[in-house]
Every structure is written in structure tokens, then in C-alpha cells.
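The following pair of complexes shares a single chain, chain A, combined with chain B in the former and chain C in the latter.
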Partner chain A sequence: MSESHTSTELYTKQPFPSGYAKVGWGLTAVGLALVVVSYILNTERALFNNLIGFIFLASIAAGAVFYLALEYAVGAVWSTPFRRVTEFLGYLFPFVIIFSIPVLLNMHTLFHWSHSDAVAADKLLQVKAPYLNTEFFYIRNAVIVAVWIIFFYAMSRNSLIQDLTKDQRITKTNIKLGVAFIPIFAISISLFGIDWLMSLEPHWFSTIFGVYFFSGTVLGSLAVITYFVVDFAEKGLFFKGIRKDHYYTFGALLFGFISFWAYIAFSQFMLIWYANLPEENFWFIERWENGWKIVSIAMTLVHFWIPYFMLVARPSKMSPKNLKLSAVIIVLAHFLDLYWIVMPMYNSSPVFGFYEAAFPILSIGIILLVISRRARKYNLVPIGDPKLQRGIDFRL
Partner chain B sequence: MSSTALDYSKEIPVIEGRPSAASIDELIIRPIDEFPTKRWYIGLSITGTMLLIGAVSLGWLLWKGVGVWGINQPVEWGFDVVNFVFWVGIGHAGTLISAILFLLRQKWRTGIARFAEAMTLFAVLCAVMFVLFHTGRPWLAAFWLIPYPEQHGVWVNFISPLEWDVFAVSTYFIVSFVFWFIGLIPDFATMRDRTTSKVKKTIYQIFSLGWRFSNRHWHHYERAYLIMAGFATPLVLSVHTIVSFDFAVSIIPGWHTTIFPPYFVAGAIFSGFAMVQNVLIITRKMFKFEHLITLDTIEKMNKIILLTGSMVGYAYMMEFFIAWYSGNPTELFVFVNRAFGPYAWAYWIMFSCNVFFPQLFWSKKIRTNLLFSFILAITVNIGMWFERFVIVVTSLSRDFLPSSWGMFIPTIWDIGLLIGSFGLFFTLILIFLKFLPAIAIAESKAVVPGAQPSHHGNGGHHE
Partner chain C sequence: MSNSNVLYALTATFTSPDDIIRAAENVRDAGFKKFDVHTPYPVHGMDDAMGIKETKLGFVTLVAGILGAIGMILFIYWISAIDYPQVIGGKPYWSWPAFIPITYEITVLLSVLVTVGAMIAVFFKFPNVSHPLHDTSFMKKVSSDKLGISVQAVDAKYDEKLLREIFKKNHAESVEPVYYTEEFISFKPRMFDPKFLLLLAGVAIVSSACGYISWNKLAFMVPYDWMMEQDRINPQSVDTFYEDGFGMRMPVEGTVARGFMPYPYKGKPDDAGKYLVNPLLPTKETLELGKKKFLTFCSPCHGNFGDGDSRLNGQFPNPPTLHSDKVRNWPDGNIYHVITDGQNVMPSYQYQISREERWAIVHYIRALQRSQHAKETDLP
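And then the complex of A and B:
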């Protein structure tokens, strides 16, 4: 283990604070207990929440692979010193798979189109059957997640090898992998969103939905990355010479993706509301009536207005405290977004209880455990990366 | 392969050959100081002829009315809207390059920002021309387009995205113009200090607004530039979003689809970059700007063309997939009709020019080849014009009632005005290249290697 980190004058590996693992184990234990209780008391409700938890973890992990690929593809330097945090999040994939198992075993509870009698009685479902059938669904999503894992593993392994070899050719290989991943990710994340979320309401369709899910995914993932980057930096775990310029880039990128999410969400809503066609407007009506109005309005607040104004000013993008708080709000907003998409299929009016808290607590506990385990094992800074010095020297 | 020598620990220089400040002045201003060359007059005679064709078409249009166009029932929107959307789309690259790439700190934009932004202004003018003249009686259009209280009691329709367009496009034009002008101020001052002609000196003096290159001036300038970039950024995205609303808020199959806003924005950037690429390659060659606009810049432009072209391709495929997935027969019919109906030729021109051909840019050899870059940029422009044609015409020509189906055939006046708009655009570009510095002089000096203090040791950094 110790051979994987060699120290340079830039970075010396420091003992990782044990607090992460403690909080992580605590949250995981509480979350797990709540999950077990919810499955015993109300399996259906637990399953819908399990789906939310699964999509959340999947989107954080997949988003991390996207950022990894993006840094290499566009040749970014500012993010290089902090890239390890992004890489660690890829180790969530085993848990993504574990989270998916209860869902996959109970497809009939969640997905209306998986009932053959429902399909037989519904002309629209018959039309969609070549795409929406369980066999193809399994194959498709297995391939999607496998491809994510393969690309993550290849790029992250190369990056770790580079710590020792400092070989520039590894950067070149990862650039090729990263560039190849971008179009693959565009298609896979869209289909993933359509399959797991849009097809919950199999009659509804929206061409922008794939982009909508992408926007939430990259925002949620970036918020998690930002939180840990800022927290590690505050604890002095990275290198000396972290500046406000570094913080600013994270704040600015968060700000950009918050606006992007709002733009996509508004486009989807506005066009459906304006045209008011019954074949598509019912999806929004379901999320407006029977008490859902409050959830819809709350989502615009926590997913857009609040973090938008928290990050709009220049000094606020550089304040570590503010960045961490915005990141936490955005992570919660991402959960709320998934809740808002999924739960109207469970109940016509919104329900909040310990069921809804179980999976977020468990997911966050797992993220903390995964991060702390990886951070103890590997260098927190990619010391062999040729772009590292430029990244450390980054100025606005 | 030579790229094994690539060192990722070093920045790629934005400007090659370490030119001195004086030689940058000389290189950029020389074409303005010189008497127009023969080549410039040849260019002007071609674009002037095109402009004349447009003027004749316009005169006939005003004399007879919009009936001279090919529009009919059910295709009530023809070349006017197609050309409007096309030109507004072209107008997206300039402000994207100058504002968004500035906020993203992409220094390679320096060499191309100035004339890309000029192209934005000219393209928006071309677009506005179609909006104005498609009203039939432009001298009355003020009542129909701009809301102001008056005794006619005529009031615009605020719930129509066409009206939002009036605001979006005019705001975009004004902000882009101010942004462009702010960037020009130090360059006017440079030209004022350099010129020996008294007339020119007076003109430059007026436009340089008393610029004296003082520290305080630069400080204000950089602030203003950053703020303007912040203002312009949402505008770049909002204009084509609202143009897409023109179609997408309706319930016409093929128009009403939720992906339209980001898809239109991507398409606009795509076509705009292609047009910038065309003008860029010619200007760079004519004015010998090879050191100021490096091959690396052209390659980066091509990468963005590849990216946005693929986004457009994604949207085409997603639309097709969801049209099928929706289970709505009308929706599916529209898309099958686009690809295999009477306008299939237009669809496949669009698809191949926008999606297939740009994929050639995956190859570094092609990305860095000027001839290929130029030809592919032209195909992208053709493709993007046909995209708007396909969207507008195929959806309208196949109405809800098969008995009212019809075809759209453009008349020579439609085509004449289209040629005229290209004439207007390129004439304005030629005039711009003759009278204003095509590259931002002051900004270029700031990105010469070694122009900025090194970050090692001296500890000097701003904010």
C-alpha cells in the first residue's frame, strides 16, 4: 500500500482524519437500519425510495466519470490538482449495483409497462414494447453501467500509475479515453434517465428528458466533488498554495451548471405548459395537484434560486464556507428532484417520513466511507500528472 | 508521430514567434493604412453584385407585396423565416467567442474575437431585414412589432414568442454592439496615435473617447469588459432559445418538442463557428495573420464544430426516437415524411452536412488542414440552412388535413433576397476589414508569451 504514494516537494501524504469514517459508519448504520425497517413495514414505499437512492448514487458515480473524461478531453489544468476526489467517487459503482438489486427484483412494483396484462390492454404500451420490455431493459442498462465502469477503471488506473511513472504518454492515453467517453456518455446517460425515470410514467414523453437528467447528474456530482475538495483543502490535506482562484473555479462551475439545469428544466416545463397538450401536460399536472405544488415550488427554490443567489457574486464563489453550504443544498436538491420525478408514481399526494430519509442517509454514509477509504490508500494529489504544476499555479 | 513531443506541462502559445508590441500594431493596422488592394475591390464587386440582386428582389417585393414569394397555404412560412433563423444562428458565434470564451478564460479566442463579433452584428442585421420585410408593409411594422402607447390603439401580442424575439434580438444586438465597441476603444486610440492623416486622426479621436492608456483607464476597461461579458452570456443563449420557442410553443408536429431550445442553441453555435471559420481562414491568409491566429486556434474551432455538430445529431436522433416512442402516429409520420417524403433530399443534405461530414474532424490531420476546414465549414453552413428549411417547410407542407397538403417552391425573388442577404453580410465584412482592426490589438499584446508576469516567485496576482 505504501508504495503507491511517493512524496514530492509539492505534496506529502498526510494521515487522513478519522472523522470521515466515523461519521460515514454512523450514517451507514442508521441508514441501513431505516432501510430494513422500511422494507419490513411498507415494501412498496421502500422500493420507490430505493429507486431514488439507486439513481442518486448512479448519477454521482457516472457524473464523476464524466468529469474525469472532461478534464482530459478539454485539457483543463485548474482541476488537475483535485482530480483524485473525482476519481474516488467512481468507487461508488459497486454500491450502485447493490442498490439496483432490490429494484431489479421488483420491476413489477415500479414499472407499469413490465406487466404483460397491462401491455395487452394498452395500445400505447404495445407500440413501445420493442423498447420497453424487461429483457431489453436489463441488457441495455447492464451494458450502460458496464461501459461506465470500464472507462472509469481505465482512466483512474492510468492516473494512479502515473503517480509512480510520471509518464506523459499516460495523459495522452487518458485524453483518448476521455474524448471517446464523451459521446458514449451523452447517449448512455440519456437512455439511463429515460429508462429508469421517464418510463415510470410510460405514457409520457419528452425529447429533452435525457438532457434534463444529464443536467441534474452533472450538477449533483459536481456538488459532491466541490464539497470534498473544499473540505480537504481546509483541512490542509492537499498541497500548500491553494488559492481563492481555485475555489472560484469550483464556484463558477457550480453556478454555471445550476443555471444550465434551470434552463433545461424551464424549457421542458414552459413548452409543455404553453402547448397544453393532454398527452404530455398530465405529467406536470400530477406534480402540481394534490399538494405537489409545494414540492414543485420548493424544488425551484432549492435547486435554482437559493444556490443561484448564493453563488452569483464573485466573493461568494471564493468563500469555502459558502461553497460547502451551496454544495450541500445542491445535493439535497438533487434528491428532491429525483423524489419529485419518482414519487408521484407511488402516491398521488407527497409523502415525507423516515422512509424518505432512509436512502439519502445511507447514500451519504456510503459516499463518506468510500471517500475516506480511498483517501487513506492513495495520494490526494495526482503527483505524476504533467499538468499538476500548471494547475497549482492557476490564476484567474 | 510528432505529437509524442507534446509536453502537457507547458501551455500552448496563443501567439507564435514572440512578436514585439510594435510589430503587432504594424501587422494588424497595415491593411487599414494601405490603399485598398485589387483583391479587396474584386471581393467587393462580387458581394456588391449579390447585394444588388437583393436590392432588386427587395424593390419588387415592396412594389408587389409578399405574394411574389413562394409562400402559400399551407406553407405560410417560407424563406423569410428560414433565412431569419439562419442568420440569427450565424450571429451566435461572435458573442459566444468574445463573451463566453472570455468568461471561460480561453485565451485562444483573442485572435478571432473581434471579427467574429463584427460578424455577429452583420448577421443580426441580415436577420432583422427578413423580419422587417416579411411583414409586407415594413413602414407599418413599428406598430406591429414594438409596443408603445399611441392613439391607434394597436397593441402587440405579448404572449407570442415572435414578440419576445423582437426584444431578444434587439437586446442582443445592442449589447453585442456595446461590447464590441468597448473592445475597440483602446485600438482606436492606438490608430489615432499612429496615423499621419488629419481626417483619420479626428475620426479616431472621437471614437477613442479620450483614451490615454493610463492605468486607471485599463482598470475601468477590464471591469467594464468583464461585466459586459457577463451580460452578453445569457443573451447568447436566450436569443436562439426564444427563436426555438417560435416553433416549439405551437402544437405542430415536428415543431412542438421540448428539446428545441438547447438543440437550437447548439445548432446556432455550430453554424456560427462554421461561418467564422470560413472568414477566418481567408482573412488569416490575406492579411498574413498566421502568427496571431495560430493553427491551434483553427483546430480548436474545428473541435467545437465537431462537438456542436454532434449535439445537433443527438437532437435529430432523439427527436426521431421519441417520435416513435410517443406512439403518436402524427408525430411519427412527420419524421418519417421528413426523411423519406417529398423533401427527403433536403433532409439528407441537412443530415449529411451537419452530422456525417463534421465527423471527419475526429482526425487531427483534417482538423489542422486549412482546405478541409474551409470546405467542411461551408458544408456545415449549407447543412444548417437546410435544417431550418426542413423544420419550417416539411412540417407545414403536411398539414393535419391531407386535403390541404401542399408543396413549397421558392420563386426567384425568394432566392434573390437570400443571395442579397449574403451580399449584405460579406459587403459589410469587407468594409469592416478595411476600416477597423480585424484583431484586437491591445488584447493580442496581453497574450504574447511572456507578456504576463510569471507566477513563480514574484507572488503578484490580482484579487
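And then the complex of A and C:
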């Protein structure tokens, strides 16, 4: 406390604990076994869960690119010392593509609009066909993911080069990339959510769905980032002199996005509930009847009320233990959110079994593996970044 | 400061934020409690350096917010479920999702207003506006380009020698004591000072008078009343333009509105039965039109199949069945007459159902009757 305004010692790379990789391999093995078993026993159910897992990984990776771009675009300094964790999450993209393959090979099982006979018998689907057809779907989503990967790769590569060269011009280049990426992300994440989630029920539409998916994405991604940042900081893997101020920023942003998600989710629900139009309200009725009521209420609890009250007070935003716990709850809530969106299309009443656990276990295992692999290879702190010292000295 | 007599504080000014932070830390570590730091811009980390505890203002906000939320929910509940229950969009009286936005707004509004009010009245001790540091050279310096610290003389540990040492160690630019005159400055809360209460009352009276005048007088003066005072006939009032005093005019005698066919058999069911002939052929389209209109207008009382099994559950007398011999033996014109002119408690439907639709309904009723009294020859 007495040296609060003086600069800290420079970061020295420390051996990365092997525990992450061990747990990661264990979870990946268990998850993979469960996935194989579920594909053998019930392919359709496994496919729906595969879609959830795919969207989860994609949203974590895309959200990470968004935070990367955001930090550069707005000139944030508080997040600079911890930016590497965000960058590491971008390496999930290869797994996103792998996860998407079974889904893309079985479009007919998941997407009603991909059946040409269904489209022929349905006026509404015919009208939507210029957008909702398999060819355009493939092209669109290939372009979206490619753009995410290109921006991620450019920014994170620049950042890694800066570690060696300490060239300040790289930051300028990345600011330009970040500013360019934000409007692209706004459009692409909306289209991604509409394509993979909203089109599961092609008759339904919600004009706020893109924002809804965006809010869940950035919240889930921020929760993963927060968990690893706090965990690494507790293990002393970052620089010395991490203060409550640093934790507070993550707690406050997490709190903000929890409220944002609730605001958007409630707006979507209330407007549809109030207008009560049959072409809109059936989506919520499906998620209220046949036992879905419990899932819907549980989601408001774990996605909003519990983490909200866990983080509302100022000291609780600074407590590492509390931050980690609420981050874990939010990651699970993000899974539940996707489950709540996707699974009513599989079964009219909620089903929980090892099928539903398979992909979350696998995804979390993969995240741990990716993080530990990257953290072993690269510096955990971007030592060449000109904003680094200001980030380390960050004060509320 | 020549005419001041009581020592308020020892002050020191510094030139760099590093110095003032270190000075504040030293003062804090020496055990002083009543001291303050004045800087022309926020210095990050000062809270910790001064050892300031977290403000209690947050609890005021929390309580006000909870009160706002609960109060508003109860208020809307009382309005829309107890005092003035109204069905809106088929929703129950207590339709809470619709009340969330306004509850949210009131929660924010009340917590903000109470927080600002509490900050001014309780924490800043309004209406005490004078402070010993006001109008001193120290305050002039620290509000332009210097950073200052002031340690109050009433502090239990006040020790001028120690303080001067601390300040000197941290490169203080100037150190000077500040005095004040007790008769000019009072530290007592003056919230309930009669003068202040009188001022509050005066403000309340003036503002409510302004409100009263503008909403009850000004709004009814020229030109604000032009919207109200237009040349028009209000409903239920006498028109002075026409001799008969009616605002709405009757059609000229002997004329008919376009597309309107007068009905000559009003009150004469037998004539209608005798002279009227169904102009429509019982085609598929006619029967479908008749079915649609029958289900819309007739079925609530007569039942979906004309059996007189009303869906009104006794709120209205059930009509007799349409499959009785009497109705079956009526000519088409007679049924048409009943729809057009009404019969017993059944009102006239000539304004709801067009002529063509009425004839289509007649065809549909015939079809219904035949379905209940099918002959052998009807079998395929």
C-alpha cells in the first residue's frame, strides 16, 4: 500500500503450472468419450447438443476478438496487462470449425428450412428462401468466421511481435484494425445468432435477437477471461503488485454486462408478451409449457439474479474468490441460455442427461488446453505495449 | 487573517501529485484523523493514501432504491388491480412484466434524488455555506495549480512540529496556519434554522403559485385557449346556425345514400315471405360465405348448427331451434326478413351484414336444415 504510486518490477516469465493442462486433458478425454457415446446412442440429440457446444465455443472466441478490438479502439489501459488471456481465447477458432463440421453435415436434422419439400409447402419459408437457403448459409457463415479469424490473427500476431520489437507503431495499426472490426462485429454477430439459433424456428422472428445473442456472447466471453485473469493473478503468474483496483475493473464490467443481458432479455420477453401476437409469442410459450417453466425461471436466476447480487457491492467486485465463482456461474448460465434457445426444437419438454453434459465438459476441457498451451509458449503480459505501465499503475 | 482568532488548521501546499500522496500517507501513518487534501484535479490512489473509509452514501442509495422499487410496484398494483381495474389487451389486472419498466425508472429516479439530497443535506451539512478555508490564499492556490493538505487543529493528535517535519520532508512549497472567527462560522447543522425553514417555505409557495397560475390560469388565456375555443358544435349542444338546432343534418327527403337499398317490408314479415326471392344461387362460394357469416354473427346465440344451443351461458335468452317445422316451412324471404328486421329479442342485423351476405346466410341455414332432415334420396 505504501508504494502505491510507484511502478512495479517488470514482468518475468514464470513456469506455467501444469495443473491446467492435466485438468484440461482429463475433461477433454471424458467429454470426448461422452460425445462419442452420445452420437452412437442418439444421433439427433447429440447433434442438438453439438450445436450448443459449437455456439458456445464460437461465442467465447468471437467475444474475445471483440474485447481485443475494443481495448485498442477505445484506448483502454486497465485491460492491457491482462490482454494476453483474451488473445489466447482466439486460438479456440480451429476447434470452433471442428465443432461445426457435424452440424454442417447434418443440416437437415437441425434446420427445418433446409428441407426443400418443407419450403415448397410453406409460403413464409418461400418468402424467406432468398436469405435462408443452404448455399447462402454456408457462404455467409464461412465469411463471418473467416473475418473473425483474420482480424483476430492480425491483431494478436501484431501484439506478439510487439513483445520482441517494442515498436509503438504496432499499437497504431491495431487501433485501426480494432476500429474497423467493431462495426463488422456488430453485423456479423447478429447474423451469426440469427442463422444458427433464430433460424432453428424459421417462423419465429425477434428484431432484438441479434442484440440478445451479442449480450450473451460478450458476457460469456468476459466471464471466461475474468476467471483466468483472476486465477493467474492469484497464482502470481502476472506482474507483481496486482491490486484490488485491477480486480474491480473486471467485476464492474461483468456486473455491467450481467445487467445488460437482463435488460435485453427482458425487453425481448416483455414486448412479445405484451403484443401477444401469435406469430411471435409461440416461441415463449414453447419455453414455458411442458416443464420448460422451471428452466426459464432457473435461467433468470443463474443468468441474472444470483450473479447480480453477488457482484452488486463494491467489495464483492474486488474479491478474487467471489469474482471466480460468479464467472463460473455465468459460464454455466451461458450454456443454459443456449440450451434454452436450442433444445425446445429437439423435445417439447426439457431433457437433462449425460448427452447435455458431454459438450460442456469437452468445451471447457478444450478451453483449458488452449489457454495452457498458449500460456506456456508466450508471455502472459504484453511487455512491449506502450500502455502497459499505465495499466499496471491503474487506479480507480 | 489578522482579525481571526481561532486556529483551524495547519496547511501545506505541494507542487507534484507524488509529493502530496506521500505527504498524505505520512500524515495518515502518524495517526491523524481530521485532515483533508485539496487538489485541482482528481489524484488517483488518494483514497488509499488518506486512509478514507468507504462512504456510507451507498447505503442511502440502496435503501432509497429498494423503497422506490417496492413502493412503485405496490402503487401500480393499487392503481391497476384495486382502484381502477381495467382489462388491457386481455391481460390480467396484475400483469407484472408490464410494470417492470416503470418500476425500474422510479427505482433509479428515487435513489438518485435521495442520494443527491442526502449528500447535500447530511454529508455537506447544507445550508452551512461557509468554511474556514474559504477565501484563504491556501484555497486560491489549491484551486488553480497547487496541491494542498490541511490538518485540523481539533485533531486529538495535533502536533504542529511533527506536521511541519512531515511537510518539509515531502518538499512542501509553503506551510501556513489558517485561523477563523467563531462568530462568523458555525459548525452546527443549520438544517432546522428558522431562517432556512422560512426560505424553504417561501420557495415552496412561489413554485406552487407559479405552477397553479400556469396550469389553471395561463393555459386558459388567449392565445393558449385557441385550440379549445374553435368554431364547432360540441356533442349534445344546440346549433345556432340551423333553425331546427341540430348539428347533424338529416338526408334530403326522397333521396337514398349511394349503395344503400331501402327495405320496404319493415314490420311486414308475411309480405317479405311472399314477394322476396333469394337472388343468389347456392354455389360453393355462396355457401362458404354464408357459413362464415353465420358462424360470426348467428352462432353465438343460435349455436354452430342452429340448434339454439347458445354459447352465452344464460346471459341472454336462448333462441328456439332453426330446425323446427315452422322455420323449415318458411319461405326464404321470411328468414331474410328476420335477419334484416329482427324478431322478438333478436335485433336487426341490416347494418352489420350486407344484403348479399344475408341471402348467403339464408342458403346456409337451408343447408343446415337439410343436414338434420336428410331424405333417403340425399344419399349418394
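One rule holds for everything that comes next: the second predicted complex is superposed on the first by the 387 of 396 C-alpha atoms of A that agree within 3 Å, B and C clash if a C-alpha of one lies under 4 Å from a C-alpha of the other, contacts with A are read in each partner's own complex, and residues count from 1 in each chain.
In the analysis below, a residue touches a chain if its C-beta (ideal position, glycine included) is under 8 Å from a C-beta of that chain, and two chains touch if they have at least 3 such contacts.
Every value quoted in this text rests on a predicted model; they were computed, and no experiment measured them.
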| item | value |
| --- | --- |
| In the superposition, chain B vs chain C on chain A residues touched | B |
| Partner chain(s) touched by A:205 [first = chain B, second = chain C, both, neither] | first |
| Which superposed partner A:166 touches (first chain B, second chain C, both, neither) | neither |
| First, second, both or neither for A:376, with chain B first and chain C second | neither |
| Contacts of A:190 with chain B and chain C, given as first, second, both or neither | first |
| First (chain B), second (chain C), both or neither touched by A:274 | both |
| Chain B versus chain C as contact partner of A:396, first or second or both or neither | both |
| Touching partner for A:115 - first (chain B), second (chain C), both, neither | neither |
| Contact residues of chain A, present in both the chain B and the chain C interface | 270, 274, 395-396 |
| In the complex with chain B, residue positions of chain A that touch it | 75, 123-124, 127-128, 131, 168-169, 171-172, 183, 186-187, 190, 205-211, 243-245, 252, 259, 263-264, 267-268, 270-272, 274-275, 277, 279, 385-387, 389-390, 393, 395-396 |
| Residue ranges of chain C touching chain A (in the complex, touch as defined) | 17-18, 21, 25, 44-45, 47-49, 54, 58, 89-91, 97-98, 100-101 |
| Complex contacts: residues of chain A adjacent to chain C | 1-2, 4-5, 266, 269-270, 273-274, 276, 314-315, 395-396 |
| Touch list for chain B against partner chain A, complex | 3-4, 6-9, 11, 103, 105, 234, 237, 241, 245, 248-251, 256-262, 310-311, 314-315, 318-319, 322, 324-328, 455-456, 461-463 |
